[in-house]
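Dropping the structures in below, format is structure tokens.
The same chain A turns up in both complexes below, where it pairs with chain B and then with chain C.
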Partner chain A sequence: MDIYQEIASNVEQGYSEKTKKAVERALAEGCPPNDILHRGLITGMNAVAQRFKSGQMFLPEVLAVAGAMKAGMTFVKPLLAGTKHSSFGKVVIGTVRGDMHDIGKNLVAIMLEGAGFEVIDLGTDVRADKFVEAVERERPAIVGMSALLTTTMLHMKGVIEALEQKNLRGDVKIIVGGAPISNNFANEIKADGYARDAGSAADLVRSLLNTDHHGTPL
Partner chain B sequence: MTSKERMLTAFRRKKADRVPVCPDISVMVPAKRTGRPFYELFLDGKEHTGWTSETYTKAYVDTVKYFGMDGWYVYGGLKEIRPPGSPEFIETIVPVPDGRLVKRVCRTSAGELKEAEMFFGDEPSWRDEKPIKNLHEDFKRMKYLLGHDSWKWEKAFRDKDRIGDYGVYSPVVAVFQDWWFNNRHGGFEQCFMDFHEEGKFMEGVHEFWMDWSLAYVRALVEARPDEVMFGGSSASLSISSPDLFRRFELPFLRRASKICRDAGVISHLHVCGRSWELVQIVADETDIDVMEPMEEPPGGNVDIAEAKRRVGGKLCIKGNINTFDFMLNATPDQVEAKCKKLIDDAGSDGGFILSTGDQCGRDTPHANLFKMVEVAETYGRY
Partner chain C sequence: MRKKYATLAFDSASLLFGRAKVPLTRNGVTIGGGAVIPEIKFTLPPMDVEESSMAVVADMFEDMVAGVCKRAFELHQNSIIVEFELLPEMTMNPGWGEAITIRIRSLLDDFRKRDGLLSLLRITPVDIRELEKPPLRRDGRETELLLDSFRRCARAGGDLLSIESTGGKEVTDPSIMAADLRGIIFGTLLGCADMEFLWGRICAIARETSTIPAGDTACGIGNTAMVLADQGYVPKVFAAVVRAVTGVRSLVAYEAGAVGPGKDCGYENVFLKAITGYPMSMEGKSAACAHFSSLGNIAGAYADLWSNESVQHIKLLSGMAPVVSMEQLIYDCRLFNVAAQKNFALNFRDMLVDSDAGLDPQAFILKPDAVLELSKTIISEGDDYIRSVRTAKKAVQILEEGVRTGEVLLPEREAGWIDRMKTALEDLPSTKDEFFREEHDRWQVAVDFSQYEFSEPDIEKGN
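Entry: the complex of A and B
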């Protein structure tokens, strides 16, 4: 097993300390940070995303994996800052107004970060003007909205309209998700995509940005 | 048969006069029917033992009567008898633009615990702040709040007559992950981090909780409810894992369901969302009598016909129509077809309660709920 496989395997098993040590060793041996990120950390996280999507893994295990990924990233991130490898793209994410539920949204954030995207998490109960402000400030490629309630999902449309009014709609792709959301609903409110679970969210973002698992344009 | 008799017969996996019908309308539908803001219903200022409020429980029973369904009253419990001067939460209700914010403070000899709960106008409440923030320090305070041992409760339920023959009276005991999630600040992520990184400490927390919960289960069965329900939403595999279920829930469920079985009281486990992987464990390794809501996809992953084949000889099954899409958007004709199929799949020989896969949303068309009742009364007749 080479060092990249070792890192990937440690991430996959949620071993934070072992991941950290393997990344440190890889850097000491002169491995390029970008290879450590792609061939090690992201490869491990992608395997987890697939297993989660197919129901072979559960949320607590994914959270342990995310911890291992973060532990590895603490060394790699500063070395990639400002390079073209620092992120595959920026995603602004939040649960819409009136809705305090955050599990699904947090899980999507974990999966996206694990897949190499930079995530700006606006939290829960996020009003349309806060989404607009975040788009103006962060200039993301993607805006992700979550809702668990049939009453609050209707606010997603308000966010899209607010972005249209500010002429920002064309700058971003909008994705939606949450228990009561469907593909039909996403089409109705003119979102660009719908993901039924967190594992699919990373695939959806990649497909909307037309990149592969390593952020390379297709 | 009365609704109570019908539900109890199904719980015992026998045929009643017809398939009982009990869609889960635990909060949203009755609250909306009143036309009053949710916070007004839940913060009525009257004493009530159990969660929700006296005003809300009356709204629930009214709604059961309105639809003609078989009731499932999960709002009661026993009042705890505490030594004089025991610490307790003192609450202040603050009007805010979206509803009412309830701030609670408990002063113990080990320090203060604080929590805050937001009550909205058109949806259930949400706890913004939970008492256990610093794990070790606040849990010490929590033990002062709950008492260290010698717990006592009143001998009788104060509200059992409220549902009467319109359904079953079913006090709820939260399973460990539900209890921890309700008390631990920081959401599920924090709870899972506790289990992962503070394993030894959490074993101690679990042991304390189990002593307290089993004492409560013993008190409940002595007061003779129609059944005891173990509330396990947070043990759902949509959130948690089979490993955590085995580690934290199974030891409790084994002992609690045996206490019920030995006392001749029915026990009932609620696990919404994804639960298929738990169904066989519950049937094989506990004395639980009823499991629900066996939620179908996309919210859950249970095939009710397969569940009936595998565990129908051990568990009464209640379920399992999707609420957040089907019950909201289907036509009454589609509801009729779905209910008939469920009765064919799981109800032909008793031990089945026609229900939903979790709580119906507030905007569920009444016609769909009436249709469920109609199908049970006609097609579901034994």
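Entry: the complex of A and C
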């Protein structure tokens, strides 16, 4: 087993400490940070994401794996800062105004982070102007909105309109989700995509950004 | 002050649908007096709720109530419960909820006078105290608005006061995602403290307005775990244990003075009925319009009210969805009640139980023998911590035995989880103070401890 396989295996098993040590060793041996990220950390995480999607793993196990990946990333991230490998893309995410539901949005954030995206979580009850501010400040590739109530889902449209007014709509892809949301509704409000659950959100983002599981453009 | 229950109100043969030990009568409607009554709830279709749309919103509520009352009358249903669950905007602006309550009350009174349809109106303001992070459970403006909503809606014609309170959710949400029983128990303790605070005040409002402090639900905990288990995110055995522990939390409402009927989405109501003898509302197969569950039949085994949870006001082929729900509930209730009239209540209950119990761990812990064992554990001596730990351990033991004897199906991938939960529970300290000390730091960012009414020694030792 080479060092990259060892890192991937430790990530897959959710071993934070072992992952950290293996990454440290790989760096000491002169392995390129980009290879550690892709051939080690991401490879391990992707294997887990597939198992989770096919119902072979539970979320708590994925969280442990995400923790291991994060532990490994603490050494690699500073070395990749400013390069095209620093993140697969930035996602601003939030539950829309008037809606306090948290957990679905949090699940999506976990899945996206696990897939290598940088997630800026704006929380719940987020007004349109806050989404706009975040887009201006963070310059994300994706904006994700969640709503769990029939009486708050229309605020998603308000956010899209606010982004249009500020000429920011063309800069981002918009994804939506939540119990009352459907693909038809996403089309109606001119969102770019709808994720039916947290598990499919990362695939949707990848497909919108036209990248593969390693963040490489297709 | 919390009333303490020392004994159970029922034995296995008497724990039946439609029969409470302490029935409740108001406006000619008796709940738990022998018949199961439909409880209907509905919500708006996609639309904005703001000052400018309130006239349309109120018209729509009136339309929904008129529709369900008309169908109930046509189907010879003599009494119904209508639940008006306030949306966040209506709780933030108590006058809005009050105005709709007045309209609904007036309509219900018209149907009573004209058609003889008896009804009670359950008022459920939404717990808006989560707007701040960490949530302000006691000191925020939201707490005042929430209590003001209760008061105004009660004065405007509400009969039953309820809430889905969310105390402790800042801890239980991440703990559910991590299948972390330690966190679930810590969140339960926060929830118990919050319930004591909240229900003391709701009961005072009920006394002041001559309304009924009905009950709460740990929906945000138990049903979150249930839905995540249904989606395959967390193990079903874990969701089953979480459900059992929610009994400790929801009981606090009754210890603080609530008298039922408990809120429909609290599947833990089965334990609370066994303990308190008060009537309970339940939801099962006819609530699939709102969410899926594995408890469609068994949830009806002990129901005094039978609910649809909630349905959007949208058009279906036959009619508007709330009217469709009303019809489904009425037919369900007819079957319950005819079974009871023909002295088949026990057999019918057992059919409801047996059709679900072996197929899912969450249903298995709602079997009569499991309900009684868990209920006894919930009221065992000790504080909320001891009760929570004992209840979780008892639930694990019941599930382990059920799996061993082949009485309940355990999905293959859940095989190791019973042992994992046993280990987690064995690692817990023996006292609440010690537990606080161990857990306090881990949650201090998510929780503002000043918002929970713990006694000083707990806080000091916890720190």
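Going forward, the second predicted complex is superposed on the first by the 218 of 218 C-alpha atoms of A that agree within 3 Å, B and C clash if a C-alpha of one lies under 4 Å from a C-alpha of the other, contacts with A are read in each partner's own complex, and residues count from 1 in each chain.
Heads up, the rule we're going with is that contacts are C-beta pairs under 8 Å (C-beta built on N, C-alpha and C of every residue); 3 or more make two chains touch, one makes a residue touch a chain.
Source: prediction; values computed, not measured.
Trainee: After aligning the two structures on chain A, examine chain B and chain C and state clash or fit.
Mentor: Clash - chain B and chain C, as placed by superposing on chain A, overlap.
Trainee: Figure out whether A:G123 sits in contact with chain B (first) or chain C (second), or with both, or with neither.
Mentor: Second partner only, chain C.
Trainee: Once chain A of both complexes is superposed, is A:G170 in touch with chain B (first), chain C (second), both, or neither?
Mentor: In the superposition, A:G170 contacts neither chain B nor chain C.
Trainee: Tell me which partner A:G98 touches in the superposition: chain B (first), chain C (second), both or neither.
Mentor: Touch partners of A:G98: chain B and chain C.
Trainee: May I ask you to decide whether A:G30 touches chain B, chain C, both, or neither, giving the answer as first, second, both or neither?
Mentor: Once the two structures are laid over each other on A, A:G30 reaches no partner at all.
Trainee: State whether chain B or chain C is in contact with more residues of chain A in the superposed arrangement.
Mentor: C
Trainee: Could you look at A:P180 and tell me whether it touches chain B, chain C, both or neither (first, second, both, neither)?
Mentor: Both partners, chain B and chain C.
Trainee: Per the contact definition in the header, classify A:T151: touching chain B only (first), chain C only (second), both, or neither.
Mentor: After superposing on A, A:T151 lies in contact with both chain B and chain C.
Trainee: Output check: A:R196 vs chain B and chain C. Expected answer is one of first, second, both, neither. What do you get?
Mentor: first
Trainee: Output the chain A positions appearing in both contact lists, the one against chain B and the one against chain C.
Mentor: Shared contact residues on chain A: 55, 58-60, 63, 98, 100, 102-103, 106, 149-151, 180.
Trainee: Enumerate the contact residues on chain A facing chain C in the complex.
Mentor: The touching residues are 55-60, 63, 98-100, 102-103, 106-107, 110, 123-125, 149-151, 153-155, 180, 185, 197-198.
Trainee: Which of the residues in chain A end up touching chain B in this complex?
Mentor: Result: residues 55, 58-61, 63-64, 67, 98, 100, 102-103, 106, 149-151, 179-180, 182, 196 of chain A touch chain B.
Trainee: Applying the document's contact rule, which stretches of chain C touch chain A when the two form their complex?
Mentor: Those in contact with chain A are residues 43-49, 87-89, 128, 130-131, 133, 173-174, 176-180, 224, 228, 231-235, 312, 413.
Trainee: Can you list the residues on chain B that touch chain A in the complex?
Mentor: 98, 118, 120, 122-123, 126, 128, 187-189, 192-193, 195-196, 237-244, 274, 298-299, 301, 324-325, 328, 361-363
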